[in-house]
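Each chain carries a letter (A, B, C and D) given by its place in the written order, and its residues are counted from 1.
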Amino acid sequence: MTQQATPQAAAAAPQLSEFELSPELSQFRDQVRDYTEKHLGNAAAYDAEVKFPRDAVEAAAKLGLLRTTVAREYGGSAMGNLASCIMLEEINSVCVSTGVTISVHNSLVNSLLGKWCNEAQKKRWFPKMVTGEWLGAYCLSEAYSGSDAAALRCEAKLEGDHYVMNGAKLWITTGSEADLFVVFARTGPDRVKGISAFVVEKSWPGVGVGKKERKLGLRGSPTTEIVLENVKVPADCLIAEEGQGFTIALDTLDGGRLGIASQALGIARAAIDLIRDHLAARVDAKGRPNASQRDQWTLADLAADLDAYRFLTWRAAILRDNHVRCSTEAAMAKLSASRLANRAARAAVSILGIAGASGATTAERLLRDARITEIYEGATDIQRLVIARGLMA
Amino acid sequence: MTQQATPQAAAAAPQLSEFELSPELSQFRDQVRDYTEKHLGNAAAYDAEVKFPRDAVEAAAKLGLLRTTVAREYGGSAMGNLASCIMLEEINSVCVSTGVTISVHNSLVNSLLGKWCNEAQKKRWFPKMVTGEWLGAYCLSEAYSGSDAAALRCEAKLEGDHYVMNGAKLWITTGSEADLFVVFARTGPDRVKGISAFVVEKSWPGVGVGKKERKLGLRGSPTTEIVLENVKVPADCLIAEEGQGFTIALDTLDGGRLGIASQALGIARAAIDLIRDHLAARVDAKGRPNASQRDQWTLADLAADLDAYRFLTWRAAILRDNHVRCSTEAAMAKLSASRLANRAARAAVSILGIAGASGATTAERLLRDARITEIYEGATDIQRLVIARGLMA
Amino acid sequence: MHNLQLTEDQDLIVDTVRKFVADVVAPKVLDQDEHRQFVRAEFDGLAELGLFGLCVSEANGGVGMGYVPFVAALESIGEHSSSLARLWIGQAQAAAALEAAGSDELEAVIGGAVLATYVGPEYGVVFADGKLQGSADLVSAGMHADKIVVAATAAGAPVLVLVEGAAVEKRERRALGLASAGPAQLLLDGVAATSLATGDAAASAIARADLTAWIGCAATAIGGGFASIAAAKKHAGERIAFGKPLLKQQAVADKLVEAARVVEAARHVTWHAARLADLGNDATAVAMQAKLSAIDAMVFAADEAIQIHGGFGYTVEYHVERHYRDGKALEVLDGGSGALRALLAARQLA
Amino acid sequence: MHNLQLTEDQDLIVDTVRKFVADVVAPKVLDQDEHRQFVRAEFDGLAELGLFGLCVSEANGGVGMGYVPFVAALESIGEHSSSLARLWIGQAQAAAALEAAGSDELEAVIGGAVLATYVGPEYGVVFADGKLQGSADLVSAGMHADKIVVAATAAGAPVLVLVEGAAVEKRERRALGLASAGPAQLLLDGVAATSLATGDAAASAIARADLTAWIGCAATAIGGGFASIAAAKKHAGERIAFGKPLLKQQAVADKLVEAARVVEAARHVTWHAARLADLGNDATAVAMQAKLSAIDAMVFAADEAIQIHGGFGYTVEYHVERHYRDGKALEVLDGGSGALRALLAARQLA
């Protein structure tokens, strides 16, 4: 026999933990679950009353959940993307409005500040951001630029030691509740290289909250217009350098997409749990299991995909934690998880039937909440575009 | 602030390798790829001529690929399930007939012998099995028992120091080419506890190859009836104890399903590669990419699922390598990967169009080959049953 | 004569309905849905148009034109308000059951003087000693119905009974969809009821009411599907991204083409069911297929329409999120998809 | 008159075809498919039944009965042999093009003395100086056709030309499906061709041939879909697992119900396209939708039928694997699904 395949390759059996959480992360997840049980009991009311979950977010802040993506030297816990994903799946399985508030704060705003801001900027804003004294919002979209982000029109003109900013940002999550805005604005004519990123504080003159959207779901999270009228933005609030805005936006979105993927996983899990409990409760006159086979098969398909797409999400989070570019992987996670969330929520309504649609269970809310995950932080077709380009490159 | 979530949880960034192959496994995969390039060039001919890939299997044996699931003390390389899955994805991406022969030999027969046979039995058969001098076949299905395996009728009656075996086994992969059969037969009336497992050697009187199936795909792999007429099976060829057959069969199928999941991943990957290459080659008159968006979206969806379901497969393989029961996880892997293989192959035919269906590319063969993965070693609905039961337990 | 072609009389009805919907219903539908306002005035409008007797024979005081114009008219209503369509369907179910049972309550229902609704056999309501046991959730017009026709069982056999709406305890529901149809949970325990029909007569009345619901829901869903496509097409024609209208993005065009294909296919099945019923043939199986296909098509079309709208689609102003919710709400009524498939299996595989 | 109802004359044709298929085609189909035997004798059988003039007007020597009986007859053939159906479709495409072009080759094609096939515009064949440039793959009857009608372009404008089969170099194809239809690659470079029509006349001939293919393929697929369902139902009724027939397993019953639903829905679209065409209306868009829907339905039904058959379904004796392959082969012809969706987008979203 010639050239045998190396027997030493399998010297040690692979560690079981590769697809399981480490004890530390498992403990962290348990802490988050404890939080969800104690503090997210009003999820249905936030939805019905269109009420911001201020109390739930404050409780999360007290537990340190608003600082997971910030380095230790700035008061963060530096837990990184994987831990944040695990946390966000838990929170979103109970309350998406709390979930998206934290996702935007951590995965978009804090991540961006940590990666792109200078020392002075970090020291200026992180003390308020890690404690949740301030909440962050991410202002990229405009009325005429959604998926095509580079078409944005909001402009910032340098006048001496400050920029004068004018424009309006649309669909801003946490818009009416946030204190710190990362705003992308045009500092030059070039479609892509003319975009720069700024920090804008709510308290500055000319910063206003415009129209608040009335939405299918995610109703506890205020989605608003942010109007910028002759806002004087100090030059030291420019993030990185002029013209780097689009690069910053896209890079940040990779992390943001992991947050939304995790939100979707949470919604999917909640829907799958509803289906499982509903089917497990169906017994015949003699107490034997009696659930519809078709419904059981649906449950099996959804549960397999939940595990599979969670792995996609973790894979991308680990890459990002290791500072490896993960645009394709993050897009795969967001694409798959968001579609699963909607599929699972629709199935929950169908299988629970009247109880799924009547408002007697959370199924109908899950269906409404799930729908946004395919839209924001890069719609489904944008994820596909990113993936296809990555594959064909 | 009270009760902060443990910052130490993220003391070290997670290792990048968690969702990547170890250097050892990566090297092994490269060796297998080298094998596929050198020895699987006749895959199309095996299909067209309905010819067993004897030469390819022998080359695999020489490289030690037929002993990955056997312990070192019996001449195996003890590489385990994860390595076997990686190997099988590679081989099946080129030739499913070679792939299934090795999958059955390794994942079903050798795994079973190693786990359930006594020392004397292992010493008797492994020398021939690890070298590929003998090929193995797994004889569970019968004409009247497919998915409902416990309905089998083949019987083995103890008469002194041997059993007399009578019956017929259907859809036996490698049937006409195998030398060692693991046969499940009825030793008692109880539907489940009346089933026992035996080793039957091809050379024994009364062992015959019956009808050979004419099939949609997998045409290089002979699927035959195995007829057992008054076969004298020495009592020391009983595996484990009487009545343990069904337990052995189900346990073994968990491993077998990982083999088929890997086969499906290989087929899916080949189909996705065809689509990617086809789309990447489409350019407009000016040489700019010009592939249909819909087709690109299909590519993105398939590629995301390929990664996701590979992780499902690896997760189950790692569990099995750690001797943790993985019925639900293996079923999830097989269910998802086999459905993906068919989806990808159908998409390849659609997207390649005339070139997909005409026989000018491998797309049409992939479509035919993929279809079996949803059927054998537990049809799709059986996987769903296993998963749903696991979830609702 | 080919499919989807109406007679002059039928055309006149549909035109009248279309005008009514455009003038009266469409302008208010967003507000009414958001605030869960019951659309009694619109219901009365349908009554004034004389629509509630469409499927009732002339001999019994109806118009006797049958299911074809019923379907065509409901499509038009479904384009704007599935809630209003569902109210008509409930009224039509009650009328169908009352006609089959030979009840003299029929006239007031046809005329619209009485707002009626129907509780189907899927709720498992029991009738004994003149009183009901059970409850029924997500009943359209449940909060407001004057009369409720209930398909119950008495000692295991079907019985059709009538209940006064005022006698029933109701709970308003914040349901997924059909928000303007006054969805409610009806608590029927101990409620007095009048028997209208038993045995075969009850069974045939119940069958007629089921058929009416399946065909009616299918027609409504076709309307909702077309409306979703129309909204998305309009938006995609106006919205610029990457330098051209969304409609010029091949993936967007493709979604619209696919959505139109499935809605139109479901429409053919729906019209076929209506024709069979009008010819006096057994339309049961086709009507169930029509509901399954049309609901799938509506939800698919609305889902794609939301996606094409992007962020706009998630807001209430663009209507498509409402069609998405209403489609799912229509799905679970009348037994839901699982029950329809089980009934089809019993018929087709016996 | 409701859908799917034929006149007596039409019924007679369909009955004749059904009998022919059952007696002559069905018994041999497995062997012919497995050994890729060209079914010339069956083709001649169809000719003897006088079917090739069905859609050709009486004024031009045809039967003039139109697409409705064409569809009904092709459904019957599709139940047993998509290959044979495809041969008829090729012949019918050639006839449609020749009729539109006013060619005197039409008579021999109608009569079946000439075996014709058609190469559509999707192959991009070019006609210049009396000769062709290009090639066409997976052309049914490509190995055996006496005459080939080719939709080509001359200086960018459509032109319809005729080629002698004997003049063309052919390569036999081991194709995914339609194995008995003699699929071949035709190498047309330098082959002499006769112009039959140019400009608008060529365009309208090509349009007619396309329409014929879309409607014909849809009908064939409906037949294949129904056959798959029937085979699976039969098997599921006989096969015992877990102590009862498969048919009593709810998941199996459900698959059959769903498959029937999608095939029947596609059938309505197909018949609608045929009716529109027979009425002289524009049936183009509906015919494309019919093909898309019917192919999807056939592949879905065959796939589920294979799964219900389990291991048996993977073997050739149970027919369902053939329907699965043939469905996919039908899909890629006549431009394929992607091209149809693009054409639909151009029409519906302009």
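Keep this in mind: contacts are C-beta pairs under 8 Å (C-beta built on N, C-alpha and C of every residue); 3 or more make two chains touch, one makes a residue touch a chain.
Just so it is clear, the model here is predicted, and its values are computed rather than measured.
Counting C-beta pairs in contact, the chain pair with the largest number is A-B. Among the other chains, D has the CA centre that is most remote from the centre of chain A.
Look at where the CA atoms of chain A average out and do the same for chain D: the two points lie 50 Å apart. Rounded to whole angstrom, the centroid-to-centroid distance between chain C and chain D, based on C-alpha atoms, equals 39 Å. Centre-to-centre, using mean CA coordinates, chain B is 38 Å away from chain D. Each of the following residues of chain C touches two or more other chains: 250-251, 254, 341. Within chain A, the positions touching two or more other chains are listed as 292-294, 297, 381. Considering their complex, residues 48, 141, 144-148, 151, 170-171, 213-218, 292, 294-295, 342, 346, 349-351, 353-360, 364, 367-368, 371-372, 374-376, 379-381 of chain B touch chain D. Within the complex, the chain C residues that touch chain D are 1-4, 233, 247, 250, 253-254, 256-258, 260-261, 264-266, 268-269, 272, 275-276, 279, 281, 286, 289, 292-293, 341-342, 344-345, 348-349.
Chain C makes touch with chain A in their complex at residues 34, 137-138, 173-177, 183, 185, 240-242, 251, 299, 303, 306-307, 310-311, 313-317, 321, 324-325, 328-329, 331-333, 336-338, 341.
Of all residues in chain D, those touching chain A in their complex are 249-251, 254.
Within the complex formed with chain D, the chain A residues making contact are 292-294, 297.
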